[in-house]
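Some structures are shown below for you to check.
In what comes next, chain A is part of two complexes: it sits with chain B in the first one and with chain C in the second one.
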Partner chain A sequence: MQALVARYGGPITALMIFTSLVWVLGLLLLPQLTMIDYSFRPALPLAEIGGPKDVYTLENYTFLFGNAGFLTIFAKTIWSSILVTIAAFAICYPLAYYLARGTSIGRARLLIVALIIPYWINEILRTFAWMLILARGGLINMALMELGVIDQPIVFLGQTPTIVLGMVYAYVLFMVFPIYNVLDTLDKAQVEAARDLGAPWWCIHWRIALPHAKPGIAVGCISTFMLAAGSYAVPTILGGPQSRWFTEVIYSQFFEGMNWNRGAAFAFLLLLVCVTFIVIMMRLFRVSLGEVAK
Partner chain B sequence: MSIGESVHLENVTMRFGDFTAVDDVSLEIEAGEFFSFLGPSGCGKTTILRMISGFNEPSAGRVLIGGRDMRGSGPNRRPTALIFQNLALFPLMPVWENVAFGLEMRGMARSARRRRAEELLDLVALGNAGDKRVADLSGGQRQRVAIARALAVEPKVMLLDEPLSALDLKLRQHMRAELRAIQKRTGVTFIYITHDQGEALTMSDRIAVMSRGRLEQVARPDAVYNEPATPFAASFVGEANIFQGRVVGLSAEEVEIETDLGRMRARNGGDLRQGDRAMLFVRPERSSIALGGDGGRIEAELVEMEFEGSFINLRLRAPNRQPIMVQMANDGGLGEMARMASVPVSFAARAAIALPEGELAHQ
Partner chain C sequence: MNRLSSRVILRSFILLYLVAFFAYLFLPLLYMSAAAFNQSRFPATVPWQGFTLEWFDALLNDSMLWSSLGNSLLVGAGVVALSVPIGLNAALLLHLLQKRVRTLAYGVMVSPILMPGVILGISTLVFWRGFDVGGGWHLAVLAQTTFIASYCMMMFQARLQRLDPTWEEAALDLGASHFQVMRRIMLPFLAPTAIGAAVIAFLQSFENYNTTLFVYGSDRTLTIYLAGKVRVGLTPAVNALSVIFILLTVAAAVLFEWRRRAEARPAARPVPAKASLGRAAPVPAE
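Up next is the complex of A and B:
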């Protein structure tokens, strides 16, 4: 604090603290607290809000656990997001290792740019591209029909695996870069020393590269899981009634059912699961919050 | 423990694009020998080490270890262990797992390798450090962990890539003795890379002096110092006063050379013939402040005296302004000399060696 004042002077320090506080309190904390408050109240007509029926209750939460349909969607969303995370890791670790260790710097830069360019396009448009590829009359079905492999188009859209695929594609970058960044700092001599001592290639990964990459893997998994669990565009575009995502349920509670209280309760539950996931990942990879924040 | 194996290099060449890092090197390193490659950075010595360890395959020629051709065998399949310049210890493993890593790769059970690791740590005087983290060790201790880790796989040939360069002077001198002792005790062939002539001279059975990818000289340390084969070897190893000239006289063993500073005589170190351009080398400690000396005699001007205790370094200047160094034993007669306007420097022909003109080391 004193250092800040000494460096920037009183007024600027005050401004910095003021704007940070407005942001954290006004834009983050207060709306969240309001939502939590909503989630513990019953949905009432406008006239009865603040009246005798407006009491704290758990019924918005118990509703979810009493509703098999919603509960299934909730569980499936979590499970599918875990699948997305695992698939993204399986693709990204070899890729990140190749970028960091397996190729020249010039080549790696080129590949990184090639990885980033698709992300200049909006997530919705990128997901639409997958729709064109996977639709009934889309690229894959047309090609397979032409080749005579199938005579009826395969229905891809509306299936959960398709959504998982779309999400892996949409969020793969959030897994590649954290892992690439840590692998880039792995000393080449470490890998050579392990080889010299007789380690086969998979053992070098298991004992040297993966442990070194742990913080990056944790960050990548957390980001990917959070994005997947909270994704709205991908399941809306690629999904159907059979593959509803929990975010869609929350949306419909808010804007179709006009039940903000239940929507808030659902949203809060999703947040709780995500936070639990972060804690589990940090335990699992034995990384601290500081390392993740890096 | 294991006994070393020989290493043969047969016309080994290594090219990286247009650059020839190692140029047609042939060499036989005997089993159980402590052999050093000595040269300035970029001379190709590390490349040779990487070819022996298997990280690089030579562009041409063969590497044989224990008489077996090593082409196609990766570093994990050669009977070698490499100690890296930065040691490359695994920071996320405790010390004992570092030491036991090679045994783990060979499928030894955990309890057995733990026991073996403790034995090896005892050998390098780190008996109680097994559970420590690498980051908590001092530079010298890490050095020993690296040695123990390499010894654990019972290599026939130990390759050391300037492993002492990160240590301070005192520790470095201590570790020299220790490395030498470990080599004697285990009988493993040690191949040591260094640009530090002190390390090479004190530890090695034999030294290969390298420059620009070629071998300048392969010989025992005293022979490299006393009988340098090339101007590069003579100027890279130790200090030398160098006089250039032309051969004007030949006898059975000696040559006479006409230099800027008059005629000088020296041993013929390289088949010099009448009229050849030659370089004459004489070590500072074999030059003396005296009138005698059948090799050469220069009236020099005293520039500086460095008192080192048991000996004194004199920095002088010849009439042609060439710097000359003389090292003399401290006989107590120092004050006398400081008052002399000019000092006679001379040396015996036996003490000097004449070689065909060639490239000198930049120091």
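Up next is the complex of A and C:
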């Protein structure tokens, strides 16, 4: 604190602290706490809020765990998001390694610009593209019928696997860049030494590249999982009534059921899932929060 | 098998994989874009029914589209106006905090990036209900600022790490006031980053969906409008709008990359996204 005042002077220090507090408290922590507070209160008509019935309760949470339909959606959302994360890692690790170690700097730069373009394109558009491809009269059905493989169009939309595929497509680049960034700092001499000593290629990855890439893998997995579990665009565009996502349930609590308290409870559960995932990843990959949020 | 032929096999595998990956990335977008120019009433590229620009024409007469664009610009301007100064102040503060406090403060300040966007929207909506404020463009600004300020803060912080502390010390020793140090040394040093942060903040705001979804009230932004159109009222006009979106994105990405390369030292490899976590567009590594 004294260092601050000495460096910036009293008024500027005060301004900096004030602005940061407005952000952290006013925009972040107090709204989060309000949401949590909401989640532990019953949904009451406006007149009864603050009245004798407005007491802390667990009913919004017990409701979820007593409702098989919602509980299934909750579990399916978590499980599918894990699948999305694993699939995204599997298809992009080779690319990240190739960009960082397998090619010339010039070509890597070119490919990275090519990756950045779709990375910047809105996820709604990326999902919409797949909707057109997978629709009843879409590209895949047309092609298969033309080839005589099927006589009836296959219904892709509204199925959970379709949503998983759509999410892999929408979020894969959030896995590529963090892994590329760490692999880029891998010392080439280590790989060459291992090769000279006779290590096969899989051993080089398992013992050298992957351990080095741990922080990047953790960041990539955390981002991808969070985006998948919190996605609303992909399940609403590619999904249907049979493939509801937990975010859709939350949304309907707010804007269809008008039960904000239950909605807040569900939202808090979603947040807890993401926090748990972050903690698990940090343990699994033995990285600190500082490395993750770098 | 000798070593040479196994290398050839490996190389062709890698090539195949690269081609497949980039085809996977781009072909769906090309297919969608092509449908914007097809005369068919449902957005599709096959069967091709003839080239037309009527779907772009339809956009011009879509008044909802224009009003949502207006809202997007308004929200974007608000987010830039809030998150750049917040990010700047927070980064300056972190810069001089003691290590333990700094780690904690930093963790809290980047946490919005690690949360699902819907949570930020919901908590903002619920919080402001307590003050009788309902959804609208102003809440969209506040909710988006919560996480966009984190990106701005990270960008300023990266820049501050390269600040030579002796500049400030010398200025203070020579009798400059704190305001003078701020105005003559710190702010000019941080100005290029402020421009970059403003651009990133605006783009993030413009394309935001998850957070805005809960707080826009009746002030639909362009992204919200687009998502609604995809779900109901789908015509190739949506593709036409997508084409415009994509072209603008490509232009922005190319411009940004070009600018960054002009600044970067020639020997350095490009670092596309130091802060590539969360729902980010790449934040340029300074």
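Quick note on the criterion: the second predicted complex is superposed on the first by the 285 of 294 C-alpha atoms of A that agree within 3 Å, B and C clash if a C-alpha of one lies under 4 Å from a C-alpha of the other, contacts with A are read in each partner's own complex, and residues count from 1 in each chain.
Here, a contact is a pair of C-beta atoms (placed from the backbone, for glycine too) under 8 Å apart; a residue touches a chain by one contact, two chains touch by 3 or more.
As the structure is a prediction and not an experimental result, all values here were calculated from the model.
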More chain A residues in contact - chain B or chain C: C
Contacts of A:M145 with chain B and chain C, given as first, second, both or neither: neither
Chain B versus chain C as contact partner of A:P211, first or second or both or neither: first
First (chain B), second (chain C), both or neither touched by A:R7: second
First, second, both or neither for A:I82, with chain B first and chain C second: neither
Which of chain B and chain C A:G198 touches, first, second, both or neither: first
First (chain B), second (chain C), both or neither touched by A:A189: first
Contacts of A:I154 with chain B and chain C, given as first, second, both or neither: neither
Chain A positions touched by chain B in one structure and by chain C in the second: none
Partner chain C, residues of chain A touching it in the complex: 3-4, 7-9, 11-12, 15-17, 19-20, 22-24, 27-32, 34-35, 38, 91, 94-95, 98, 102, 105, 108-109, 111-133, 135, 137-139, 142-143, 169, 174, 177-178, 180-181, 184, 201, 219, 222-223, 226-227, 229-233, 236-237, 247, 250-251, 254, 260, 263-264, 267, 270-271, 274, 278, 289-290, 292-294
Sites on chain C touched by chain A in the complex: 10, 14, 17-18, 21-22, 24-26, 28-29, 31-32, 35, 42-47, 85-86, 89-90, 92-93, 96-98, 103, 105-120, 122-127, 129-130, 142-143, 145-146, 149, 168, 177-179, 181-182, 203, 207, 209-210, 213-214, 223, 226-227, 230-231, 238, 242, 245-246, 249-250, 252-254, 257, 269-282
List of chain A residues in touch with chain B within their complex: 187, 189-190, 192-200, 203, 207-208, 211-212
Residue numbers on chain B that touch chain A, as the complex places them: 53-55, 74-76, 80-82, 84-86, 88-90, 92-93, 101-102, 104-106, 149, 152-153
